[in-house]
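Here come two complexes built around chain A, the first alongside chain B, the second alongside chain C.
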Partner chain A sequence: MRRRERLWRRLAGPQNRNLWFWVFVGPFALGLVVFTYVPLGWSVYLSFFDAHNTVSPTDFVGFDNYTSMLRNDAFTDSLWTFVVFTAFIVPTTFVLSLSLALMVNRMRRAQAFLRSVFFLPAACSYVVAALIWKMSIFNGVRFGLANTVLGWFGAEQTAWLSTTDPPWYWLVIVTVRLWLQAGFYMILFLAGLQRISPTLYEAAAVDGARPGWQVLRHITLPQLRTTSVAVTLLLVINAFQAFDEFYNLLSDARGYPPYARPPLVYLYYTALGQGQNLGLGSAGAVLLALIIAVVAIGQARWFGLGRKED
Partner chain B sequence: MYDAWVKVGRALRVALLIALALLFLIPFYLLVRNGLASEQDITSPDWTFFPSTLHWSNVRELFEDSTVPMARSLYNSALIAVLTTAGTLLLASLAGYGLARIPYRHADRVFYAILATMMVPAAVTFVPSFVLVSSLGWVSTLRGLIVPTLFSAFACFVFRQYFLGFPRELEDAARVDGLGHWRTYWLVVVPNSRPVFAAVGTIVFIGAWNSFLWPLVIGQDRDAWTVQVALASFTTSQVIRLHVVFIAAAVSIVPLLVVFLFFQRWIVAGVERSGIDE
Partner chain C sequence: MTIDRRTVLASGAALGLLTACGSNTGRDGDGSDGKGPKLSQWYHQYGEAGTEQAVKRYAEAYDKADVSVQWRPGNYDEQTAAALLTKSGPDVFEVNGPTLDQIQGGQVLDLTDLLDGVKDDFNQAVLAPKTYDGRNWAIPQVVDMQLLYYRKSLLADAGRTPPTSLDELVDTAKELTTKKVKGLFLGNDGGAGALGGTPLYAAGLSLVTDEGEVGFDDPAAARALAQLRALYEDRSLLLGAPSDWSDPSAFTQGLTAMQWSGLWALPAVEKALGDDFGVAAFPAAAPGAEPAVPVGAYGSAVSARSAHKQEAKDFVRWLWVEKTGYQRDFALSYGFHIPARLSLAKKADVLTEGPAADAVRFSTGHGYAEPLLWTPASRVAYQDALSRIIKSGANPESELRSVVRKVSAELDRVKKKSS
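Our next item is the complex of A and B:
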């Protein structure tokens, strides 16, 4: 009873900071430990065991899961798919969203309207977008919009999603993501543009810089550096997570075509599909985490993230 | 001469923007057009911009469809999105406030431990998270769908950045009036921080409504499907009635478009003020 009273007094006063800190941060931190740190640790543990259909394994297999994962063509192919996808989607989204921001920023009257139009797809889910792309725009048969429009010019019909040579399915995959993401990054760039002081542009004009390319190169782009770093980081992190559109666009009744399966989709099928091989899936997840950590740290070093503004 | 080029440039820019805007709107148009068309109109080789007749009965057909539990999925998604948003706002704002405003020796370490989880994509933890949730017996339950997603490091980060810039005078006034941390938070800080709550809330709501991988993994029973999982079951199934698929997708984005258009300026304000890109 007396103890309780003392606790109450400690809580009531503003003086006990450590206790109050944990009253505010504790529930969140605890949840994060339980639902992120514990699964991470469990994943590392499981990856050393043979765990088919079970979460409490008994057979210790050492690094076997890792070696069989790395020897597995399907897994290494998925890593390759991911590299190509990232190399494709990051620069294209970056350029498109920056161009949109630059153009929209210079519009006076229709700025709010255009911003909404380009931002609107961000409200759409990958599932819905994939559905429109797969069953309407890039439908392989004649009623697809792309084939209809190409037909007006006398072009032949293309089976967009099942053609691998040339890899037309990339066009479908990449445009879905561009449509969904460009508007969001455009908003980030617009925010960055608004922070650039107008006096810089006035100074440039006094110095005789031609509006257009020169100003863009010497004033605008350098001023957008922090925004650009953040956008690139977010784009790469999002590319790591690519799952929804691959799952919805490239699946068919026979399962996945082997030519386009990013790691996450592959892991989903390994761990939770027919095999239910949680040990192997965990090993893949750990490998993926290591790769992501290396890339993220390398990227941070490359951009000098955390460095003070020059 | 130079002025003429500027004018041409401006005209080109406007033309390009209009073309791009139309390109961005086409998918939405196709969604509605195909959703209200008859199956023959969708699959006709002579594609027309407008369908010959509008079939509003497609909506009824969608909800009477026995293969995909659309009404149930919409209900699940709405419940999940609302509860996730409320829970995330509560937990993340408290944590963000504590990290920003309550001096504690290890506050920075705690903050970095939280931030580090942002670098760990859900991609990597979904296998062990599934293991954890299934060992709790939460597969195909609302708990399993909601609770693990409540601890968003991103939301916590935004709140912390925002509260770091919160005017100290307001808190000092509250302190003088004899309010402790708890009442200062509820009576002074929250009512004065509505924009950031609206911004984070909108982003979390949209994310929860649109999320796919976690509901796919956890919502295994049909009764626990979210609307995204229900839609995906259309695209991956063999027998497809196109008009039903499209009207389902159209219905699924209506609630979100309303939220989105209504709160859009909050998202923009949130991005500009939160320092996401700083």
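Our next item is the complex of A and C:
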């Protein structure tokens, strides 16, 4: 009996700390295992089976799903879509949010107001924003906002989301994301800017540094290095997760056009749409996860993330 | 007992956990009101007012089970496909299919016996894609079709008549295009989704032959699809309309002179334009070929995971085989559809005159239904190619060659599964 008590005390920890830890963390840990790790493991399992319309398949096919996914033009095209999107959205959001932060940081009046104004779109749902962009601003008829404005200058109406040459749909996709996320990253940069000691700027001024580009290049940007690394990493991860605005801007009841189809949208249609090819979709998900892991590790090494001097 | 902060928080956490673990699918066990077992019936969201109330009224009138209707907006086909993998899905559901993979995967029940004695009274064109291995896997509810709406006055002003060939359609659309009005609306994707296989059937071809081979491995297919590119290049197509092809708004608001849409849109068009419109089939796309219109039907199916399989089948028999009054009401009182039963369609007065009568004539004379062997993977491959041909000017021959390869592989896969 005493032994059991001792064991219980040891497990519960001093002042029942272990017990309370698991009371509060346990449900979330359980949720993580049940809703994330088990499906992940199941997905890897499914990727080796012919799993049409079933999650408990019996036909083992080895790496067939992987090879057919890699030979699939639609999948490789979707990876290119992602590369193009990332190559554009990451630097533009970075520059825009940094510029906004620098501007707001310098303002003496209405700083709090402008900070809120720029941050507010971050609270808007991607789905709602995409629908506003699609139906009100960039619809292809004469009473769409963009076409109305262009019409004042005599321009013809443009089908923004249906024109592939030039690919105007990118303008719609990129602007909606910029509007939604620039304010959030601006807040991160603002926090970074407000952490920089004013004495550094004073010392630079004493040394004869010209305010403006010289101070920005030699004082502000180096001091923002850790914030910049974090922002870039978050931007790339967010770009990988692109789904909502693409899906809501470009899909219709009959499917999704072959252009601007990011990997998550393609995999959604393969595995969860009417296709219900859960084996092939899982193989694509595993491949995508591997690509994301390689890119994330490469990026971390490139930026020296986690190095001692950081 | 002293209640401290930790006790309160721990109790809250425990309660939350218990609540999260609970589940209520709303259908297990016996009905509490003595009507028998609980059944869950799913419908996709119809746009026509009154349809939801009508199906709930039918369900309420059934006295052998407690049927709860779920009216599901959004991507219904994808929702049901995913729900069929779980036990919390529907017992009875309407389906734009079922697909061959759903049948081969044992996800839906064989309903052949429900059609005993009445099979010949159902429209055979829409019953065929619900038949596999000689057995029926869904009971057609109503027949829907797509067709071309045109504005009589605009055609008359331009001195044109309704197009009878694809060449004429291209010319007419170009002629009718002005700065404010486009000639033709085939959907915001330029027709890839809405038209599907229609241009191929209008060229005398098919998606899949009766022998189960690719039905469009023919130069006529590339020629027909190249004509759709001509419409796009001529800037005759309306693109980027606020609502897509299935909604007649673009046509009724005067954004386009002609629109590809469904029979369901006819009452709204009639209300907006009176008799200033007519309907036509998709015109012949090759010399000697016939026009084409796609026909299809949502069918009522029973999930193989239902806890009350026989009761669910009995309900389907009652509603979609025996209660012909409800079937007539469902087809004609709200939206505008052709009853799936030939005897009911014949008796429907509203289908005997004007554009509605023309539509019925097209459906019987030129209607085709997508074959069961045309799987979602084949459809996506074909639609992608069609989109590239129309919008990007991709070479129709090479695009179709690639589609033929993919569809052949897909046909081999499903045939292997059935053997």
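Definition applied: the second predicted complex is superposed on the first by the 281 of 310 C-alpha atoms of A that agree within 3 Å, B and C clash if a C-alpha of one lies under 4 Å from a C-alpha of the other, contacts with A are read in each partner's own complex, and residues count from 1 in each chain.
Keep in mind that, in the parts below, a contact is a pair of C-beta atoms (placed from the backbone, for glycine too) under 8 Å apart; a residue touches a chain by one contact, two chains touch by 3 or more.
Predicted model only: the values in this text are computed from it and were never measured.
Colleague: For A:289, select first, second, both or neither according to whether it touches chain B, chain C, the two together, or no partner.
Modeller: Only chain B is touched by A:289; chain C is not.
Colleague: Figure out whether A:76 sits in contact with chain B (first) or chain C (second), or with both, or with neither.
Modeller: Neither partner.
Colleague: For A:20, select first, second, both or neither according to whether it touches chain B, chain C, the two together, or no partner.
Modeller: Touch status of A:20: both partners.
Colleague: In this superposition, which partner touches a larger number of chain A residues, chain B or chain C?
Modeller: Between chain B and chain C, the winner on chain A residue contacts is B.
Colleague: Scan A:214 for contacts with chain B and chain C and give back first, second, both or neither.
Modeller: Neither partner.
Colleague: One more residue to check, A:135. First (chain B), second (chain C), both or neither?
Modeller: Touch status of A:135: both partners.
Colleague: Quick check for you: in the superposed arrangement, does A:197 touch first (chain B), second (chain C), both or neither?
Modeller: The answer is neither, since A:197 touches no partner chain.
Colleague: Which partner chains sit in contact with A:67 here, chain B, chain C, both or neither? Use first/second/both/neither.
Modeller: Neither: A:67 stays clear of chain B and chain C.
Colleague: In the superposed arrangement, does A:38 touch chain B (first), chain C (second), both or neither?
Modeller: After superposition on chain A, A:38 lies in contact with chain B alone.
Colleague: Does chain B (first) or chain C (second) touch A:111, or do both, or does neither?
Modeller: In the superposed model, A:111 contacts neither chain B nor chain C.
Colleague: Residues on chain A in contact with chain B in one complex and with chain C in the other?
Modeller: Residues 20, 23-24, 27, 55, 135, 141-142, 252-253, 272, which sit in both footprints.
Colleague: Using the touch definition from the top, list the residues of chain B that touch chain A in their complex.
Modeller: Spelled out, the residues of chain B in touch with chain A are 6, 9, 13-14, 16-17, 20-21, 24-28, 30-31, 34, 42-45, 47, 91-92, 94-95, 97-99, 102-105, 107, 110, 113-114, 117, 119-132, 134-135, 147-148, 150-151, 153, 156, 175, 180-182, 185, 206, 209-210, 212-213, 216-217, 228, 231-232, 234-236, 238, 240, 242, 245-246, 249, 252-253, 256-257, 259-261, 264, 267-268, 271-272, 276-278.
Colleague: Within the complex, which stretch of chain C touches chain A?
Modeller: These residues of chain C touch chain A: 6, 9-10, 13, 16-17, 20, 75, 77-78, 81-82, 84-85, 99, 101-102, 104-105, 107, 180, 187-190, 192-194, 196, 238-242, 244, 246, 250, 255, 376-377, 379-380, 383-384, 387-388, 391-393, 402.
Colleague: Residue numbers of chain A touching chain C in their complex, please.
Modeller: Residue positions touching the partner: 20, 23-24, 27, 52-55, 73-74, 135, 138-142, 144, 158-165, 252-255, 257-259, 269, 272-277.
Colleague: Could you pull out which chain A residues touch chain B in their complex?
Modeller: For this pair, the touching residues of chain A are 11-14, 17-18, 20-25, 27-29, 31-32, 34-40, 42-43, 46, 55-56, 100, 103-104, 106-107, 110, 114-137, 141-143, 145, 148, 179, 183, 187-188, 190-192, 194, 211-212, 226-227, 230-231, 237, 240-241, 243-244, 247-248, 251-253, 263-264, 267-268, 271-272, 278, 281-282, 285-286, 288-289, 292-293, 296.
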